[in-house]
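Once you scroll down, you'll see the structures, which are given as structure tokens.
Heads up, the next two complexes both have subunit A, just with different partners, subunit B and then subunit C.
Let's turn to the complex of A and B:
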């Protein structure tokens, strides 16, 4: 078989960049995610079993059953979850992406994000804010009540607002935010402000009264990660647009579940290449240390896969106050990522590098050749179920997944 | 007389930095500005007469009389203005600051910004957005109607919101915005988003209905200069806190009126040192050139006087898309300003310079010794009344005003 890898890769990153994700609405997962059913629970990262599932994912699964009203207590939920009654699957198998534990259950509201270039739709839940939250494995009453409020109050008003405004353009929002000190993953302060500002004039009219509108706008505006989930679903539509291109060595999925980390490669279909998830080099919140940390977790690495996040750190020097390091480290991370990517983004640029496009499209050939793994920004969850976030930092994807993928590529294409 | 200039200067910049400006409300100028009266019209910069008044200031004065209902036509307004019936005075003589033409008339609503450290209050009008606006010298029906809407609809709702929230902290807002790609003067994209986000949850409740709330939030959120006026009044409270310190060589006012540019120095009381206003090195809007430009104009240089704006350009590399130049020029401008300032700000920092404090407190000794004038970011108005903005750019304050001030300083203090 004759293949032109560079041509295939160019096609892939063109598809990434031509994707135009629009957030079009919010709906229950069971109504919009193809294949979702009552006993299906989605989680971040590559496949996991109840037995090898990390603490935060277990915690979020427990919380999901409490939220769904399927269990009355954490004990009952655990029993049901270990009984074999439920099917567990990666979000990525269902056109979805979930931050941290990434657990999505049938009744949860999800954002619908459509790549208007192709019509493909991706999904992601509603963001709960920072701290003690389901996605970090917490499931206390406070956590479940907030989830209910998101489902009953915030979600429907945001859905109606999105419909009234005719959808919200995620690519334009990200392009602006990268000029306002965001990396597009771990720092979304500007993007969340932009998001709230675009929604607020509509929420005043779609919320049931002025007090409710006020409460929703305040929640969105004070949560610096409000827009993380639609951003992730937006990035999923970008990378999916470049998936399954014959002969391409570009990574289209990188995801972790606190146990394993896995990647998928455009020219290698739906095969996962996995390794144990690494420990994050993090700045810990007061009272926590590396001993408390879950291993690397979450689908939010879809942002780096699409060319932002850790790859755009040179846009976000103030992020180092949250994850550690210096502004120089932030610039160097971006410069390093140019070494292992196929192209430079035509819509996302970095002012301080003279508006150079962000490094886009991780090429497994370059990663192996340069022996330089992708670096990603991430939050860190507590390793035990029920606790929550303990820090944030930077982590490198293990080299072995790229080596394994390159071997599989060579075998498949006979080179 | 024995004076310790460094000690005096330290006292001045400490006062700048310890000021804590809060936006507390909005009210008609005549009700809150001490000394405001029916026949008083304020303008930007040092003193001006009708005869030597620049086009944009004339245009805004005409607009003000139309807005006040004192004149029925531009012709009638011009006649009244040249009749000697009205008193013209710099905003700075009335604890006020106005962007560009800076015209403030008795019925216009103004922001009240209080330095809670000292109780001093400064004032500034409501921002109209970009383009064809009164502050650029335009006075068409569209301009006057917008001013009316600001006075009748937006202003009262914002006033009630500010009161309900207990005031809004301008220093904290600016500190955040400098970490989000703003310079605090010509680029206030992030600051205006922050401002709108803080106000929106209250405006939903203080506007007369949901549609009005929606309209106000949209206007504030889409105007990247929404917060410029309260920022300027905030900076005025900072620099005023350091004014009139015996023996200090720190500049406490820099302002232009399209004819002249003037400065005041802390240790030299209320004397203006003036020179003809320079022409701005600008990026012009399509269809305009330097031939259309008014000379440098506006009180917004109060931001540079306080240690942000052009002095913090290293925080705002994306600003070069609006004013010309490269990100390297932006960094160099900030680095140069350290050469002529007395200290570094303890609340305003620049991520890319390893969170170094912004250069704060222009020292006339250093300006003269280094032969390096302060550089400021600014908008450019059309030179004729009635047109509006034609560009934006960077300009240096003429050296002669610092030389004159230094001579006066030496004379006063006998050195």
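Let's turn to the complex of A and C:
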């Protein structure tokens, strides 16, 4: 069979863009994620073992067992985790995506996001806000208590609200947020407010009392990352729609776990191409330095994979302060990403660039040809379990994963 | 003993990331051990205390205050750091207007879609690849890079010929298009002279001399040093010549080159001859045999070429094409010349003149020994026979008096299917045949009829030497000959050149013609916009000439990895 790469790639990005992710509800992971079981723990990035697992992922795993009530102490949790009793798997193997450590355990509530064009469902947990949080590897009592509150109070009310409103359209929300100064990944201030605004009228009806409604709405409204998880699951439904297309060189997954970074390519099936996760070029919170930083981590690069996030940075000039730079740098970052993407998004556009569509569909041919890896903005977790976020910055995906994928592509298709 | 110094700025709000950036910059200053830049919240003050950055004034700061605190090796370093806060905060903004630099040719082409030119000066190993991309995007190429192989040059120039684009180079140092200099170029006035040159300094020398002499140029097109060598065969030169021939603003065309391969030079000259404009030729070290030949002017050096060009531009002679050639009438295979002369000097001059049109002329009395006809009675290829030579006049009247032998030879040549043109001389005057045309005209008619019956066309050309006052009367002779279908002139040179033009055309069609899509003249004439890949100074030069240019921040493809490059190249066949 002769492949036509350009045609295959067009098919892929059309599928990305035609996906219509709707947030339909919130439910325990074990009830909705196919294959989830009591001893399965999901994490961000490509596959990892307890031995090579990064600090933040280990910390979040410990936190998850504490949260699940499976362990009474961190020490006990660590012992259990290293015993071989638990199965660890990438979120991406279970239609899921998790920010930072990305740890998901069976009892945690997860968002259900459905691509109404294909019926495919993806999942992601509830966002805990900033500071000391499980996704950054923290597992103190305060962290576990917040997780508990999310599961007991916020989650059920949001689930009821989403069902009451008949689902929430993530693509439309993102398209609006890009015109309000968000990039859809690291800056979700506008998107989170839109999200809160859409949910609030229903939460007032579904929460058990006015105080609870107030508490939930306040939490959602104050957390500039409230919508991050449903956005990531939404992006997962988009890129999954274009996955497994014969002859396509488009990247459908980019993910890191603090140890490794990995990509998947549409025309190369479920094979991961991995490299050691890079160190983030970051600005640190006072008291922290590069020595404290974990390597690059999280599934949130699914947003860049879908054509937003760092790729749409030109629509989020305020974000450059995050990485040290000028608004011009933000525009140039987006312009750079046009060099390595196959197309331009028909639903996501950038006002400053005359409403040009965002760069969509990382093409491994272009990445290798131009020796230009995708650029990602990201938070930085502490390298040790239990600490949390220490800074934020910018990172480039290592070239070798794209080069390896290109060679594999040539082998598979006899090029 | 470390010094802790702080500055509190009330009511100034900065995003936390700006503060982090400032903190990092301060921390890098000499003599600074640690720095903290935060808003004065309780939480932040705790952190500062923890890392030994707390002073009483920091302790007193409020949440709306910006706190800048440093721990330095000494007082001076601390003061310097705090004194540089404003500069560090403002430095961040200085690059706002910096232009975006695309990373690839295609990215640049999107930014400047009207750019018709791509300047390439990357390492030779990658140059052809970039040039192919430029051609694929429909752009003319100025290829400064050297170390491009002959095979790559051929492949590029084939593509360019197909697409009607110029590939100036490789190793092309300079060009001037519509008054804009590319590469190493001088500021030359616009004017009526179009220049094509193999490479750099020749073009610069000739065009600067033209400028100094008060004239100017339309375009100065470089071709690369190898263009006039055999394997390339003047691919760019001929396309450049063609586009200048069609450019109404170009009144004179000047060609400059180091010594070209002889065959290639002839190809260029043949092409130049077809142009209805004066063409000044200076192929260095190739001694001109004549000063002027039709529209061609042969210069003795670059200075002479410039002066001659300016002179011709000021006072352009009419070189619109000579007599129309009956090329369509000839049958396939007709391509040779036979000259049957009665006059020795006329025959001799004809040999000399004809050599400019055809590669070799055989003769029974040749100028060059190697062109000696083996058998004077039997012609070969292009042949000139002087029938007044002793070998023919033994026991016989001179052909000026007796036409019989010439008529017999005429009929013989007319029967040769490879013969296209036969030339005769008719010399009248005292002592000559009393009315040569009365015998020759019917013979010419017969010869032409014979050819016609065989499905061919025979052109018979005659030089008639004599005056009105001669007993035979020139006009009467000419009239008879013309009535018989001959092409007649009283100038030997004119007749030979007319015949030569026919032969050249016939033989050129026999040899493989260089076919190319003509360059769209408007792409040269419109305001130049360019994309630059390689040496940044070439982009700067264009900016200085107020020419829109996009400089590509180019990197070797696939980081210069041959294996990956070759995969990428093969992948192109699958897309």
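Observations
One rule holds for everything that comes next: the second predicted complex is superposed on the first by the 414 of 415 C-alpha atoms of A that agree within 3 Å, B and C clash if a C-alpha of one lies under 4 Å from a C-alpha of the other, contacts with A are read in each partner's own complex, and residues count from 1 in each chain.
Criterion: a residue touches a chain if its C-beta (ideal position, glycine included) is under 8 Å from a C-beta of that chain, and two chains touch if they have at least 3 such contacts.
These numbers were taken from a predicted model, which means no experiment stands behind them.
Shared-chain residue A:406: touches subunit C; no touch with subunit B.
Of the two partner chains placed by superposition, only subunit C is touched by A:4; subunit B is not. In the superposition on chain A, contact of A:326 is made with both subunit B and subunit C. Contact with subunit B, but none with subunit C, is seen for A:180 once the two complexes are overlaid on the shared chain.
In the superposed pair of complexes, A:214 makes contact with subunit B only, with no contact to subunit C. Using the contact criterion defined above for the overlaid structures, shared-chain residue A:160 touches neither subunit B nor subunit C, since it reaches no partner.
The residues of subunit A shared by its contacts with subunit B and with subunit C are 318, 321, 326-328.
On the side of subunit B, the complex with subunit A involves touching residues 176, 179-182, 189-190, 193-194, 196-198, 200-202, 204-205, 207, 210-211, 213-215, 217-218, 221, 317-318, 320-321, 326-328, 351-355. Within the complex formed with subunit C, the subunit A residues making contact are 2-6, 247, 249, 283-287, 318, 321-329, 331-332, 335-336, 338-339, 365, 368-372, 391-392, 399, 403, 406-407, 410, 413, 415. Subunit C meets subunit A in the complex at residues 15-18, 20-21, 23-24, 36-38, 44, 47-48, 50-51, 92-93, 95-98, 100-104, 106-107, 110, 555-559, 561, 563-564, 567-568, 570-571, 574-575.
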